[in-house]
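Working notes, structure below.
Chain lettering (A, B, C and D) follows the sequence in which the chains are written, and residue indices restart at 1 in each chain.
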């Protein structure tokens, strides 16, 4: 209750500020597909965080080595920081999928008196205390790739898991004509991203005759996904569509159907080069919701903008359309390995360095 | 529990210095090496960074090390009696899960402790009465408790009673709460391990089978050790719940391994009977200083893991034992 | 009377895994009779081949009264070696040999530290595991893992008749290991140490050397498991769950091999099959992750209690 | 005799694995008395005292303490009832300090509930200094020498505020000066009307400090006499004097074989007198003497299981300097044809849950490289089972299903199968019934007749006399004399040992 009041107060102040300064707001482009959140007019104050270069920017990454996507997101961030000569130092700390470590990392960044902190929270609450502490210390905080419950941050870019799941769910509903049975391959149990994507799916199939007949955790891993898909297939191969919460599981499931020479039902994918290869090769009905590692770069761009003294919106959303086969073909890179993700802002040189096939 | 394999050792002459170095002069194990390493690291950090000695950073260090210290103390108690507790991590998670259910604090905290006592008792009974190897007993318990945690709190979130928030981030008599937690935990543990008959009996049981001829009830004491381990893990869970202000079913995952690591680093022998509270705290401090130091020195996120592993391997290889195996 | 005694003795020698497997098979047969054929069960078995191969090493180490927690690191590292592209130019045979020698060296290092240096096996293999994972993290920063050469994938999907090649490979490997344990001097050494290390020492068994060798073979098995795992995923990864190592310990114990109990291959082999079938039964029943964790924990615990009580009544 | 006995044990019986260790033994202890319990090795002294101390429970009989019938199920209970024991086996915990060991289980606490370490250490220091020891009570027992540990055990037993103190061979590890100190303590105890049970093989000590002697033989009472009424020679006669039974095979008349094993200048402790021993082809040599005098350490030095202080050994011409390496000792010696049969069959010898075949052949396997195929050795197994007449239904039977005698034969068979031509055997017939004993004796004699050589170590002097060709009497860590077995008597051996 108390906290709610406080939030309301903060909101009111911010809203007033925003209204006052709106005229001066110049749109800063963070990334394709990232737009100010509709209905939220709050902005940051211009020049509030302005500082002379060189800047020291810190980033608390929830887990660089959680999977290949998280690695690339870290690379995107580093590359963006390197691109801007005014960024004197870019400190990337890896919480290694430990909430406790993330709290510690943010504290360490504050102790080092960085000029801006970028946080990708592991869970909606794990970084809250740190974010509040940083803001209290006068350090702007940019949040992306992950939700928070606080809104003490300076700027957030929300690529919603709910939206991601809903794009996939809407696709299935459309493909199935609003009626049919689907399997659900979920990600890591208890992971907030998985839960949000699932929420999006439930939203999409609400009120339709699309029914979930089987559901299990493939943990976003190829082998576990395959184990689940194989078991479900051998149990009862009749299925109208598959909602998969991650690209590796989609590949695994496609492989299972191929292995039994069965027709691949509509199945959802993700913006991953390896998945694109299979999709283009086999042409099964699918969609790729967009969730690019370029967000790493967007976070750095936002930090730079704030330090330049530019005005940003407080909240941005990243809810692009899903990609169809045509768009996938445009982005697909035959010369890169399966672990490259799109969209990315890595330079051609970096792409070749990281993902090039020799 | 079978006795580990001991080949009769030669009564080699050992220099006084050598004895000190291998910790043969006390049953507290070889805590001098990790202490020296920790001090050396701290000194190096103090000179090479501006931030390390700041009060802010030291408070951070304490708050970062506190949950690990709590879990490790319990882990050490179990290891002293030739046991091992792999279920501490899931007890930590379960605790944050229960606390985030919006129950009033006077219900939630006793509930959490009760759960911990039950888990500890089950571990202890499996190990003593059914003579199941501690690794297996607590590994199974880890899975079971983790499963229950996921029922209680399927994903991170919820909110924790505000009293607990205060317990972690408030101040008492002008002292920051994490400092109070650590001091309180150390005092309690000192009393239990080094300042009570029970503690002495733990060492005696770890020291050999003849403890029974002194009239020490092995079964009861081992049982108590497992209960204590669970309770310390629950205390760590309470602290963490206050720190992340919510419940999280995965928050404890690392603590089983990290606590064993810290305990072993502090000179406590996994074969039982040799170890110390100060060694364990030093072990935790060393791990915290390494993590904090690597952050402050901007050691690449990508080699922090290797450095941690190498330090662990080096310190453990400096502790000679008589037994082969676990 | 003597006969009866012998019979009950023999009955108690049946590893708990056999009973668990039987129960699971009956359950599955009642729920889904259509799944009860060789091709389908073979497919299920293929899912656990990497685990099964790790267990072949783990059972050696455990019955030598040690433990190996480094399998995850070895698998991750080998997977990285293959998928990073560093070795794309190499003939596949060399790649395989290199991977195997990595496993061998890691196992040897573990063995020397545990057997000769007498450091704690738990911490040594844990630390080695951490170092290997860290190494992959470090290398993956410069060069993230990429694709796996196609040959691996093709091998994985090969079938002989209705049986998948990896299952046959696993079975053959288990047979080799069984023969190795049963027919070589090394097997006698492992049995001896498992039964009574002091007696082993007085019989002239080279205890330290046997522990070193057991760890070395365990490391090698991890590398073999890594090859199979990599073929199955067909892509590089940067993270590997800790479940495999923990499950390998659990399957070994479910198979009747406990710290200090003579090693045998088929009990743990069946123990691994139990894990495969357990997964199938639970998925078929729609049991979600929490239920799976609880059920698995309870089964291991009950099997261990059964064994614990047994060893008590024997001594 | 109106004094009520402190302890009255009546008709105590105890059987171990079918062999009677005690049969209807009576024992009575009066306040203020130092009571010697005498008898040969294996006569049942230790068993009787373990029963009194609550370590083991009797199969029959009754114990009264101060007139009350008691039943001690644990050492703790016995201690609470006032019976304190100093055992031969070291029962101290190496990872605790001297003071903690002395007060373990009954530690005092301060008013804050903290163990009162200062008090314990002060008290321990007092008791230790009364015993003439300048040990720091905070020292870990693991860092003490054997003699120091022995003293701590004595200190612990004496300080227990018990009215009965059992000292089981307290002086085995002590030198003469230490013994004086101990005697003074014992006298102090008797002044407080406490009773002391004193088990020792040192005759002069018995006659100096004890007032009553109870003699046991083969688990039965022989007599109970006041010390003043008996002379040492008479006492030895009471302890020995058994008939040489027909258990033993005849010695063969043979010519002197070549020396296959010789030990020269072996010093077991830094200040021990050097010992030399040699073994010829075809003979059985015994290491006789009282328990704990260094026989065990001597043979274990040969296989790297004990670290002596200098000397050398030659096995069939190949010389090694002591000490030998621990890990390689056994294997090197096996390769040279020397087999070591450890005393504790269950803990050090057999693989109880493994098959008879495995137990018989593991020695053969140990000679090979790990990766070599393990041959089944069916012939060896069949031959061994036949020649050793091991009674078992099949070779795949686990050995814990066999009787003690058959187990012992399996253990011997392992080393015989190795083709070892030198056997070092500790306690060849421990826990074995009479029939099997005779078989084992015959086996060893046949082995010697076939050209093998044996060193035997046993607590049963009679066994050594009957079985062997030659005896070395060991006392105080060195060889005191050598005698041919044919003319040796228990009496002569005891005298040789005790008069040094």
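Going forward, a residue touches a chain if its C-beta (ideal position, glycine included) is under 8 Å from a C-beta of that chain, and two chains touch if they have at least 3 such contacts.
Because the structure is predicted, anything quoted here is derived from the model rather than measured.
Q: State which chains count as neighbours of subunit A and simultaneously of subunit B.
A: Shared contacts of subunit A and subunit B: C.
Q: Please name the chain that ends up farthest from subunit C once chain centres are defined by their CA atoms averaged.
A: The most remote chain is D.
Q: Calculate how many whole Å lie between the centre of subunit C and the centre of subunit D, each centre taken as the average of the chain's C-alpha atoms.
A: Taking the average C-alpha coordinate of subunit C and of subunit D, the gap between them is 45 Å.
Q: How far is the middle of subunit A from the middle of subunit C, if each middle is the mean of its Cα atoms, in Å?
A: So the centre of subunit A lies 36 Å away from the centre of subunit C.
Q: Between subunit B and subunit C, what distance separates the C-alpha centroids? Give it in angstrom.
A: 29
Q: Averaging only over C-alpha atoms, locate the centres of subunit A and subunit D and give their separation in whole Å.
A: 74
Q: If you look at subunit B, which of its residues touch at least two other chains?
A: Residues 7, 150, 154, 300, 302, 304-305 of subunit B touch two or more partner chains.
Q: Touching at least two other chains at once: which residues of subunit A meet that condition?
A: Answer for subunit A, listing residues that touch two or more other chains: 64, 189-190.
Q: Where does subunit D touch two or more other chains at once, residue-wise?
A: Expected reply: 327.
Q: Quick one: label the inter-chain contact graph as line, ring, star, complete or other.
A: Contact map by chain: other.
Q: Go ahead and list every pair of chains that touch.
A: Chain-chain contacts present: A-B, A-C, B-C, B-D, C-D.
Q: For subunit C, which residues are in contact with subunit B within the complex?
A: 64-67, 113-115, 117-124, 126-131, 133-135, 137-138, 140-141, 193, 197-198, 201, 207-208, 211, 246, 249-250, 253, 258-260, 289-298, 300-301, 304-305, 307-309, 311-312
Q: What does subunit A use to touch subunit C in their complex?
A: Against subunit C, the touching part of subunit A is residues 64-68, 71-72, 189-190, 214-217, 219, 221-223, 226-228, 230-232, 234-235, 248, 251, 259, 274, 336-339, 353-358.
Q: In the complex formed with subunit D, which residues of subunit C make contact?
A: 2, 5-6, 9, 183-189, 191-192, 195-196, 198-210, 213, 261-262, 314
Q: Using the touch definition from the top, list the residues of subunit B that touch subunit A in their complex.
A: Touch list, subunit B to subunit A: 51, 54, 56-57, 60, 63-64, 67, 150, 153-157, 162, 169, 240, 243-246, 248-251, 253-254, 291-292, 295-296, 298, 300-302, 304-305.
Q: Hey, which residues of subunit D end up touching subunit C in the complex?
A: Within the complex, subunit D touches subunit C at residues 327, 330-331, 334, 340, 342, 347-354, 358, 361-363, 365-374, 393, 398, 400-401, 414.
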